[in-house]
Amino acid sequence: MYLADRTWPELGDYVAEESVAVVPLGSTEQHGPHLPLATDHLIAEALAREAADRGGYLCTPTVNVGVSPHHKQFHGTMWVDPPAFRDYVESFSRNLSYHGIDRIVYVNAHGGNMEHLREVGRRLREDEVAFAVEWMWDESIPTLVSDLFEHNGPHGGPKETAMIMHIAPELVREGKLEDARDGGLVELSDGDLFVHGARNYYDAIDNTENGVLGDQTDATPEKGERLFDAATDQLVNLLDWIDEKPFPDLMAKPHVDPQPGSRRS
Amino acid sequence: MYLADRTWPELGDYVAEESVAVVPLGSTEQHGPHLPLATDHLIAEALAREAADRGGYLCTPTVNVGVSPHHKQFHGTMWVDPPAFRDYVESFSRNLSYHGIDRIVYVNAHGGNMEHLREVGRRLREDEVAFAVEWMWDESIPTLVSDLFEHNGPHGGPKETAMIMHIAPELVREGKLEDARDGGLVELSDGDLFVHGARNYYDAIDNTENGVLGDQTDATPEKGERLFDAATDQLVNLLDWIDEKPFPDLMAKPHVDPQPGSRRS
Amino acid sequence: MYLADRTWPELGDYVAEESVAVVPLGSTEQHGPHLPLATDHLIAEALAREAADRGGYLCTPTVNVGVSPHHKQFHGTMWVDPPAFRDYVESFSRNLSYHGIDRIVYVNAHGGNMEHLREVGRRLREDEVAFAVEWMWDESIPTLVSDLFEHNGPHGGPKETAMIMHIAPELVREGKLEDARDGGLVELSDGDLFVHGARNYYDAIDNTENGVLGDQTDATPEKGERLFDAATDQLVNLLDWIDEKPFPDLMAKPHVDPQPGSRRS
Amino acid sequence: MYLADRTWPELGDYVAEESVAVVPLGSTEQHGPHLPLATDHLIAEALAREAADRGGYLCTPTVNVGVSPHHKQFHGTMWVDPPAFRDYVESFSRNLSYHGIDRIVYVNAHGGNMEHLREVGRRLREDEVAFAVEWMWDESIPTLVSDLFEHNGPHGGPKETAMIMHIAPELVREGKLEDARDGGLVELSDGDLFVHGARNYYDAIDNTENGVLGDQTDATPEKGERLFDAATDQLVNLLDWIDEKPFPDLMAKPHVDPQPGSRRS
Amino acid sequence: MYLADRTWPELGDYVAEESVAVVPLGSTEQHGPHLPLATDHLIAEALAREAADRGGYLCTPTVNVGVSPHHKQFHGTMWVDPPAFRDYVESFSRNLSYHGIDRIVYVNAHGGNMEHLREVGRRLREDEVAFAVEWMWDESIPTLVSDLFEHNGPHGGPKETAMIMHIAPELVREGKLEDARDGGLVELSDGDLFVHGARNYYDAIDNTENGVLGDQTDATPEKGERLFDAATDQLVNLLDWIDEKPFPDLMAKPHVDPQPGSRRS
Amino acid sequence: MYLADRTWPELGDYVAEESVAVVPLGSTEQHGPHLPLATDHLIAEALAREAADRGGYLCTPTVNVGVSPHHKQFHGTMWVDPPAFRDYVESFSRNLSYHGIDRIVYVNAHGGNMEHLREVGRRLREDEVAFAVEWMWDESIPTLVSDLFEHNGPHGGPKETAMIMHIAPELVREGKLEDARDGGLVELSDGDLFVHGARNYYDAIDNTENGVLGDQTDATPEKGERLFDAATDQLVNLLDWIDEKPFPDLMAKPHVDPQPGSRRS
């Protein structure tokens, strides 16, 4: 169920009976010459809506702009600084608890948001306000991703291309797939990524001239559909798993024994 | 032009030649028994996209969740606290300037965001990073709004109902229009709004049991279309006006004479 | 009773028996060629002290500098940035609750403070620390203001001039009243205030060369006295109203039914 | 010259020619059974206004509430938390520089504000915005204070009592002077202030039951006048000294030689 | 050269000629029944000092407490919250630039600090204050680590055990190595780490009862020495690499063409 | 007992039975031509470890970098800005309470940290999280310090020199003692410290060319040993005193009578 399409009286049963919210988050950032800047938030939104509908959960609107300063050199990339992103997400998450929501899955399709969602999740859990966990679609189906693509590329590669071919085919510039591959970095391990153990890059442009990685010509709508279905299955399973857990089981384990102060005279 | 549908190379001309961005902002909050929680962000997005397309400007994705704590008692209302909202908006606005954007129109359809957008706009202007101004659709066409509706209601009333009838008719619960009117507050001045000069309310629920105001049965898709077209015209005009201004004319006027320290020995 | 003139033992009865504080806030900003920069804080202080005395409430010292960046071009205008203002007011308000004060009226005479006081009031109410409400003198007596002046001007106009003629006549530059009128903007609606629905100004200087609005020559001490008395009456009534309310009635209404989680299995 | 009594045109010469502002700061906190809670801000204001008038400098309105949590147990004590106090003072100080003010003397009469004013002063100096220095009246005339009183007490003692006798005699409860002495701590060194080198107190009440120290019966208006005049002299001298210094001489000395990077190849 | 052992005059040549600082950071957190809580900061400090000495660079004192809330259940684990950690590190790093230091290597031995150091590094680079990069010893020698240990365990495992055997052998509880292995999780992949693509753990205790991973009995001082030498070599190489780079080459690449605003009329 | 040398199981008894932590804090800042920049953190660490061992208390690792901007002109001085310092210390202190620690002694050897530790201590006490008190070694033995040295100098003087001669003799540049004396300021009262009651200095360099004060040639290792032993005794006594106090006795005294609201109808 998509929260924003409902009227408030229609949400009464959910608020009374349920405790899970699905929150899609993405980015608005360059994805090469063949994919729209919307790529990440489109993927997150499509997966979150589909899984929420299948599983009977509540899906919120999408956070469209995330933490993407590492793509800034390319036209149109938007980003918020990490503290502002964390505080924005924490604030609406915390406020969701007013309606009894105490489990949140951040359906995320932008790697740069992950550590920040994790930090927000920890804050909410430390206060026992909610259990909020980030989820990245491709990390839920690593084997399938590897099986489908030889050079899958972590950004703007065939896996994201295939997903957009399935979700929003009109937004894929088919004629640019070869350009995308030839002007970028096909194999991540060919990049000059580390120097003596330190990261040798801050920005996407440090490793790829057109902003993308992998072999985009390997993407097809059919592969996109397989990815989408498999990831949705994973997400529904995750939502069911969280839904069924007693709340205390989702909170931090107690201090090991002996308990602090337990033998204080 | 909608930024998020473009690839980065397609944005090169705009970045090189232009300086204006249109940013839609709304809320996800109760709008009575007849309108979806999405109402405000749907209106903002529709107007912003249409005006940007007509005028040849760049429209960004929408900020879907705003400052709505005054609607919290109704199921599903989402909100962020004011400092988080301001910082999130300021951060992406400031970062847009990296691409040469130094004029931003916040196309807003939620009153509760206004003062915060104004505060952000002032910060950006004080630093001479950008001229950013908030714009509220119904305030741009006050005469038309008055002419069309007898009891127009500032929240969830016939003007918003008519707009959604035009923009997303499938989301209007037609069968609930009478309920909306009868269970809410038809005429704002009948409310118990002020007591000896102080506001006598903090939340929508203090004045309306179902969260809405005005006479919703007065709304029609045709009125919605007239509102939409008139407001879009205003917005295009505003964008043109801002686009044509030299940047210094958009910045603060200088200190009055005599200039500070001008006669210091 | 003025808190700062008392010794601490003299406040014991009030602390034990009462729960209301009156806090005057103003600004230190230009008020044209005829009025002192103190205008707003003088008005707030005079009204707050008088109403507190009449009604038997406790009045605190005055916050003299507020949020006035929109007057900065004129010599001597002082201001604090909004976050600092909010935090300062929130901090002492919150700390007043240590003495049992859980109702605060911010007697304010500067429009630029209003939205910030409202934001602080909401924070205090959300935490159920106190009910704090902002009050602006002229908004409590709109009919009288309209009756007395043809061109009342929202800043430095005849209503403020008359008030200072009554409160601190020695501070009015009588010989400058015509200059004030002729060098400023007599009728607000003649100003170039909006452009296609957006504010076309940020600062006072954008609309008035000498910083003021309205017809100052229309002010008299007698009118000032009438304004002062009428506004004081309103304020006393407001304080009595707040004093009599049970605290829970001043806090937010509960979540609408069904209650969150009430039917959770 | 008192800024707040002036109109903006009257301040033009000062803004053009001068660079110094005098800012009074105090507290609103218990001062025993004989002195008003206003004591500190009355003293600061009286000294600042007098010295500004004598020396031809600009005095701003007073900050009436400071950092006084250590007096909170006594009825009516008001306070702001340190970060809010610092940010408020920093904000208006920084904004004064818009009018060419780059030297500020914080005329302070409350010990609890000192370290915070120093921290603000350092921030302003590090950014080379202004030279702002805190000044505490009794620290400018230590010999006179010692000569006049045997048990001078750092809080609510005879020196502050004498000052209020001179500045605002109607606010001194003459009949309570003996009570003040007998119910407090006459000699600071009799207090239980330190334990093995650590402070053994956080709050005034830890050492004095009625909140004050010293022998209040030793105060006279004549002593108050001598203190006032001597301190004012010091303050005028300080203002003249600061006024005459070239701005660079008030800023931080440069890095010692060799300069960083000066021999970098 | 260890900064803290030097006098200031002895640092003059370095300040004049060089631009690199080495900053060790670790944690104070549980490392099982066999290793001290100091483990991470001891390793970071030993490597940083050795590499700085070999390469002729300046090493600062160590930050001993980092971001370790995920170990909190075990006695004695200390931690700071992420915003405080980031601000502390950013502040001293930024201030180091006053002495001409514009390249910093954060020699880190605690995984939980990494993302925060990266965030700080990005802030410093965006302002072009310094190039600061985090470095994690074991990530610089992945092949050697794999070759030496079958079950190397990311926390408290044989690689850290061997390092402490080499650096501070007196702190290894030799008699507890088998306990460490048997009471913990030998093979990370046996842990219940992910559920449908989401992390199924927040804290170390969620996967290991005694807090550690891997086979500690596989550690020897000789292996520790090899690890230490190899990692030091990597670090020296990294420092040389950074030292030789022109500063602009360490800063962000420019915006892709066309440049923002370049064709604006 | 030094926390960082222990394994977590070894800390179980302490956590169960005790409630005190000893936290050493210093600075890394210039101490003249004869002492290392580490001086303050070496002294704090040595005293804290020794006293903790003698008294059976838990000592944490050292905070090596503090608030030292006033020494910045001299090569190598490191510092953090006050808000970052306070937040870092507050964060780990607050988190120590998770292990039952509710009494903390900040063993500090750098004057510039004192007011900030006091502010942190007050925050922790207001929330009743912990009683945390700052302790400065030389302030615990003022008579001995005066007896031992004629010109003891508050920074880099003979008392600190003697302490380092005792704690880390290899770090004292014996050949530079006369230089230290002759190039600095021997007698503080000869400095130009105050002007008309205001501080006439911000930085060490304003009063001493080589950064130090006092007569360093008066230091001997024997004097250092006496200082060290006497200060350690004081610290052990302080720890015992705090350890024995019931927790409520360490918290703030209650509001004076009548209690707030006690007679409210």
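The letters A, B, C, D, E and F name the chains in turn, as written, and every chain counts its residues from 1.
By our rule, contacts are C-beta pairs under 8 Å (C-beta built on N, C-alpha and C of every residue); 3 or more make two chains touch, one makes a residue touch a chain.
Quantities reported herein were computed from a predicted structural model and do not represent experimental measurements.
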Touching both subunit A and subunit B (chains): C, E
Can you tell me which pair among A-B, A-E or D-E shares over half of its residue-numbered contact pairs with B-C? A-E
Centre to centre, using CA atoms, which chain is the farthest one from subunit C? E
Counting only Cα atoms for the centres, state how far subunit B is from subunit D in Å. 47
With centres defined as the mean C-alpha position, give me the subunit A-subunit D separation in Å. 54
Residues of subunit D touching at least two other chains: 8, 12, 15, 69, 72, 74-75, 83, 98-99, 255-256
Once the touch criterion is applied, which pairs of chains come out as touching? A-B, A-C, A-E, A-F, B-C, B-D, B-E, C-D, C-F, D-E, D-F, E-F
Please output the residues of subunit A touching subunit F within their complex, sorted ascending. 255-265
Would you pull the subunit A residues touching subunit B in the complex into a rising list? 3-9, 11-12, 14-15, 28, 30-38, 41, 58, 60-65, 69, 72, 74-81, 83-85, 87-88, 90-92, 95-96, 98-99, 171, 173, 176, 211
Within their complex, state which residues of subunit C touch subunit B. 69, 72-75, 82-83, 105, 115, 118-119, 121-122, 125-126, 133-137, 139-141, 195-199, 202-203, 205-206, 231, 234-235, 237-238, 241, 252-256
Subunit A touches which residues of subunit F in the complex? 8, 12-13, 15-19, 98-100
